[in-house]
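Letters A, B, C, D and E mark the chains in the order given here, with residues in each chain numbered from 1 onward.
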Amino acid sequence: MSKTENMAATEAAEAKSKGKLAIYWAASCGGCEISTLGIDTKILDLAAAFDIVFCPCITDGKTRDVEKMADGEIDVCLFNGGIRTSENEYMAQLLRRKSKVLVAFGSCATEGCIPGLANLHDRKSIFDNTYQETCSTDNEAGVRPQSVTQVPEGDLHLPVFYDTLRTLDQTVKVDYYLPGCPPESDRIWEAIEAIMAGQLPPPGSVIGSNTTVCDFCNRTRSEKKIKEFKRTWEVIPDPDTCLLEQGLVCCGPATRAGCGCLCPQVNSPCIGCYGPPGDAQDFGARLMSALASVIDSNDPREIQAIIERGIPDPVGTFYRFSLAGSLLRRGKRPEAENGHGQQAATGGAS
Amino acid sequence: MKYAYYPGCSLEAGSAAYDVSVRAVAKVLGFELEELDDWNCCGATEYFSQDELVATSVIARNLAICRPDQKELIAPCAACFLNLKKTDQLMAEHSEVRSKVNEALAAGGLHYDPGQVRVRHLLDLIYTDIGEAALREKIKQPLTGLRVAPYYGCQVVRPMNGFDNTEYPMKMDELFTWLGAEVVDYPVKAHCCGGHMTQISEGAAYELIRRLLDSAVEHEADLILCMCPMCQLNLDAYQALVSSYFQKNFQMPIIFFTQLLGVALGLDFETVKIGKEIVSAGPVIKAKLGAAPSQTGA
Amino acid sequence: MSDDSFEPKIVGFLCNWCSYRAADLAGTARISHAPNVRIIRVMCSGRVDPTFVLKALSLGADGVMIAGCHPGECHYIEQNYKAMRRYYMLQHTLKAMGVEEQRVQLVWASAAEGQQLADAIDKLVADVKALGPLGWSKNWAENGDRIRALEDIVNEHKEALEVPR
Amino acid sequence: MVTDTHQDHRSDFFQEVVSDTPGGEQLAHCLQCGSCGGSCPNGSDMQYTPRTIFAMINAGRREEVLAANTMWYCVSCYFCTTRCPQQIPITDLMYALKRLAIAEGKAKDTDAPALARTFTGFVENFGRSFEFGLASRYYLLNKPLSMFKLVPMGMGLFTRGRLHLLPNRIRQMDQLRAIIKKAREIGGAS
Amino acid sequence: MAERVGVYVCHCGSNIAGKVDVADVAKFASEHIKDVVVARDYKFMCSDLGQKMVEEDIKKEGLTRVVVAACSPHLHEKTFRRACSNGGLNPYLLDMTNIREHCSWVHKDPVAATEKAKSLVSASAERVKFQQPLEPMYVDVNPTTLVVGGGIAGLQATLELADAGHKVVLVERLPSIGGHMAQFDKTFPTLDCSACILTPKMSEVGQHENVRLLTYAELEEVTGSVGNFHVKIRQKARKVDFDLCTGCGICVEKCPRKVVDTEFEAGMGMRKAIYMPFPQAVPRVPVLDTESCIWFERQRCQTCEKLCPTKAIRFDQEDEIIEVDVGNIIIATGWKPFDCTKIPQYGYGRLPNVYTGMEFERLCNAAGPTSGKIVLRDGKTVPKSVAIIHCVGSRDLNHNPYCSGICCMAALKFAHLLIEKTGAQVYSFYIDIRTNQKDYEEFYQRLLQEGVHFVRGKVSEVTDATRRPDETGKTIVQCEDTLTGRQERYPVDMVILMGALEPQFDARELGLKCGISCSMAGFYTERHPKLDPVATMTDGIFIAGVCQGPKDIPASVVQGAAAAARVAGMITKGKVMIEPIVASIREEDCSGCRICNNMCPYNAIEFDETRAVSRVITALCKGCGTCVSACPAGVIEGAHFNNSQIFAEIEGALWDAVPPAGVPGESESAGVSAS
């Protein structure tokens, strides 16, 4: 999608012909749609500017309608959710083809988000857990979803559930990113306004701020030295001092601003839902490096003890939202070629 | 305060006086020793001469059978203390030792991660965990007038006990100073008693015993305090043989430090088994402490 | 798993003042060692960002070495301690992700320790050889069923995906 | 780690001794300073001081070393080990030499192997050792004559209730035996 | 706009080409690395012709980046930077990769070596494309120099600079300059009197017009960088008015309080509460030790105050902070003796007749507490037999692994003095005798001639536990005579322990203040152990004497002079170049989280409270890059080692590894994409 095509889209909008908007929901929770509706009465402005041609959760539309569209017919597609199944992947391919501008909308599409944490496991262990191991499950026959089931009438297909959840841009080319879990309504509206006004940054950009959550945090900060990382339930934090300095693992310093610093405002550490700012390659690595740097010890054993005690779940801490989009993308899988039948990745068990 | 307790074979038999006095002292000082269930022999020095891995594995079994809540294991015997501590340390420092020992332990359905159990000597416990103030409070019979020669021997202080100097240990000296005794500062207090040399080369062993007795006599000690069954046996049971070998007349009572500690805490001789030693300690203690020690730990 | 023909690819981040010079010294002293470590010079082990390590692993490295001056001897006074803290934090995370700890090793080598560095390289290479390839890119690849599923879909929706040229 | 690449230049015997002792590779750093030989309570009775033994190991003089009385005079007092300026685990190396000597039947002039075997024999049957049995069996088998000399001492201990006639047996003897058996199978230096 | 990269692969004669197929590497570069427009291999790249080749290619081929694959950049980076400059290219657009030390010299298999060379070249070529032109910076050098430490090394450095006409501020912690050398009796191997050769230098320093002498003063804080250091010095309160005092000594003479002098007399003699450490002290101004003074103990006495003819006593004097600006700093803080009680088996502190070397120096010194008479602690018995034990706390992994260097010679000196003064039988217990300087071996020969009994063996214990009748009343030295292989006991009257030379107790803290590092042992690390032994990694800070490593007087003097010469060079040049490898913070993206604030040991990062952002003070930054990797937002840029450069280098190094799968447009998605 080149600049010229964008400009063409903009010109078309200026010519009062309404633009076409699609909103799709792959492996995600639906929070992004709710946040979209949170733009409130501005939804009318949106409706004035765009026809919502496809959005299964608020309009009645079928895949085949999209299939029938011409390539590039949709002006903007806001795609939320990661790519978990073959259906997700097909829809991503399809909407990519049909859209001029494809936006990875929200944390799931951008960096995998919570569903991406399942990348510590493979399909088998996820299914074992979901369909067998939880206390409330009663499944003596050991039934598992099958991608193909034969019935007298023919074969029934279920989408194939992949071992690895992928982000949208690991699947198709993405033009813009709108991070957040979910993106704040105000940010969404700003992005839509930018689209409507044709004032978009260069393709491939994240639409959002380049500073971090700390920029919007009013707590007093000083030089940092940490002897102990604390879990949130262990302390009632002082409301005026930097949470990190109080030993809480606050992701604020490594997290893109955009949320308005909501969590620290209510005395709770930032959990990093807006992902990394600027050109940080790996959110977890940035946060690991920063937190480790301020550990106040030079003794290897003490350092290890501080880390092991304070951060019992490193992947969940550093990659809560970004595992699928991180450099390593997932936990190591068993050696076997097909990923079935073998033990789950080590990280999963811990 | 509760500790796991590893008495060791000697304390079950020949050195029961040590065991009995340790338990009696524990009761008075208010700490609890829970005997490690189904412990086995530490192998003394003998297994190491035959098969290193068997030696460490046999010792490691004792560490592996400690319950999760038994985090500190107290060993009064020097050889047991050293072997347990050394095995834990070897496993911590050498990964191949760790894996091989655990492979052997697995044959018995056991596993041990180094650092799981902290092996400590009884002296460390009394010196550090009980401490001067608490001890002074409990004194019933100050040891004033008694000249004692604390004898540390080798394996409690070397190679790595972590609580006292390896060359010139002082903790037992300090302990008995608190109890009012006159502590003899003699230079050989951490020298060797001969260990099992008595059974290998009489001459060599007797010479080592003689050096210790000579030095204690020279410094006018009334008795020698031991913290190792082997030391006690060598100095006490072999004393007559050493005397005749060198044409001397040693009459030096040798008892375990816990026995005299018990006396200071007001326990009577029978309770701390004074009288089990070959060269009697009772008379000199009675003589020096004036009146006979108070009876039955009142 | 340890295949004799497997030659691990390892990236080494060496500090300019100590370990890079140790590697230089290993050279001048002709201390032969395994050829698997590709050395990248940084000014200080404190410059080594966990991102570098993850980047190397994600680009196909089977192991990573981080080498700096001995603790207390850093040419920037104490920055290698920061490298050490980050190393343990990174190891903690890598472990949870299933990367064996021997694949990423932190080594201290002073400018005078060519032999030590060479030994450390040999050890790292031997350790990684024993573990086999990391193959993280293979780790991303979906299983055969993904390809089959996609083929199915493509076949079912041929028309929709056909691009008129 | 430091010595790995050097080891091929040293005698096979050196490798053998060192590989049988955790931390033994430090022996490569022996300065021949003699602080071990000077510290040893039995140093003057030894045929060769530990330092000399180390030089002989380095020189590969296997037979002479294994036939020496040095290690049998080691009383495990650890003075040498704590004083060694090069932190060589000397006492442990002495154990390694004892093991090699016993394994090859080189220990001729000493009863120590017999004593050790008697001792461990009890451990393997009862799980605990047992002084009276140990002493009587060892002396009966090895030094029947010198036993008489010890009678007064034995009587002294006996009358004070310090010689037990029966050993205690641990409950999980099977477990201990399984561990010992496995350890023997794995074998060698731990 | 693609870069035009030139790659040059050096043969280094057969040093590289003998193992690496250099032609193949060059071919690889031209065929497989994007943007490489020139790739050549050449016999000797560092030769004039090699350099010319680079210059000409820059001009003719329009190269915008240069990669030289040859030896270590530590050897020739400057050479090729110059070549680039000559060709009109910014010198920082060069990258050198090391295929000699790191490749041809250390790998046996030619194929593997060639493959590794390709990876290194690939890494370098990918990296160089991201390099940016940088300009070196220059600053003026303040001509005043600070010397820390008034021992022989510091004195020498001070005099060299002062005599050359430069101003020097000399700071000494103790009341007088002179250092350990002032305590010694004789010096080896010439046996000239230590005081006789030292005191002239001391008084010269004391009177020199170019020297500002601050004794009883300590370095408090150093800020700034080469050329412009700002230094705070704590002048401890002497309780004596420095300007009024004439040094008459009445106060010292009349002071009623005597205490053991643990400093100058090493505990062997006494001094007063108000004292000058020794008669030749410079400056001749006493110091009042408030811990022993009766006035400070119970507000009585005041004898000194009453008797002082110039009314110079100031009980209320406080410490004072003196601030000076200097261009360079020479650290010559010397050493402290090993604490011999750490080796309990030698009995020091427990057995009366065991002495440290420093105690013996004072015992032997004609100006010492016994006026040079060698007697036991009872004050009268002359020893008939003496044991001197070498390597006490040196060459011992339990204490200090290094050789203290001077003890062998000092032990020989002691043996000579003992024989000369007492005629005693002297045993010298050594592991190795090290006499490797001019006339030292000859001195050893002389002592052999004089009949010293040298025993090769590290002493195991010194004891009073007697075993034989002849040992009664003696101090027994037990050791193995390793030359006979026998354990021996030597009953003697006196034992002297040759304790190790250890770094000053606060060497690390001082190092931190000045921004220089210590070795594991605690001696300061030089810039290069052979070629730059008195400079440090911190420009403008030099080291001299034992603080750099154990050494004797001649070597300390040489280093003092050498450090002064280096400083004089800086002053003459007047300007100093600073490498532009520094960090910078993109302030517009900095959120002021302050994680980086305590990352910098040089305090080069400051926090701007008003704008709530952190900022790098370029002049202080040394370019280590630790803050760059600590920044959680990734907004700190490390010039010449920035992320994009290193990422490209990693990618290049792994050119032959399996690339990551699953990126759109690649193999798998190709199956469904329509193109």
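Details
Heads up, the rule we're going with is that a residue touches a chain if its C-beta (ideal position, glycine included) is under 8 Å from a C-beta of that chain, and two chains touch if they have at least 3 such contacts.
Note that the structure is a prediction, hence the values are computed from the model and not measured.
The chains that touch both chain C and chain D are E. Chain pairs D-E and B-E differ in how many C-beta pairs they share in contact, with the greater number at D-E. Separating the centre of chain B from that of chain E, both taken as means of CA atoms, is a distance of 48 Å.
Remark: chain A and chain E have CA centroids separated by 52 Å (rounded to whole angstrom). If you average the Cα atoms of chain C and of chain E, the two centres end up 34 Å apart. Chain centres here are Cα means. That of chain A falls 65 Å from that of chain D.
In chain C, the residues that reach two or more other chains under the touch definition are 31, 49-51, 55, 58, 78, 82, 86, 118, 136, 140, 142, 146, 150, 153, 161, 163.
Along chain E, residues 345, 461, 599, 626, 629-630, 643, 647, 662, 672, 674 each make contact with two or more other chains.
Multi-chain contact residues of chain B, defined as those touching 2 or more other chains: 167, 191. Within the complex, the chain D residues that touch chain B are 20-23, 41-42, 45, 72-73, 75-79, 81-82, 91-92, 95-96, 98-99, 102, 110-113, 115-117, 119-120, 122-123, 127-132, 138, 149, 152-153, 156-157, 160-164, 168, 170-172, 175-176, 178-184, 186-190. Within the complex formed with chain C, the chain A residues making contact are 64, 67-68, 71, 86, 89-90, 93-94, 97, 120, 147, 157, 159-160, 162-164, 281-282, 284-286, 288-289, 291-293, 295, 297-298, 300, 303-304, 307-308, 311, 313-315, 318, 326-333, 335, 337-340, 345-347, 350. Interface of chain C with chain A (complex): residues 1, 49-51, 53-55, 57-58, 71, 78, 81-82, 84-86, 88-90, 92-93, 95-99, 134, 136, 139-140, 142-146, 148-150, 152-153, 157, 159-161, 163.
Listed in rising order, the residues of chain A touching chain E in the complex are 90, 93, 97, 166, 169-173, 210-215, 221-225, 242, 244, 252-254, 257, 276-281, 286-287, 289-290, 293-294. Residues 7, 9, 11, 17, 20-21, 23-28, 30-33, 35-36, 38-44, 46-52, 55-56, 58-61, 69-70, 72-79, 82-83, 86, 110-112, 118, 135-138, 140-142, 146-147, 150-151, 153-154, 161-163 of chain C are the ones touching chain E in the complex.
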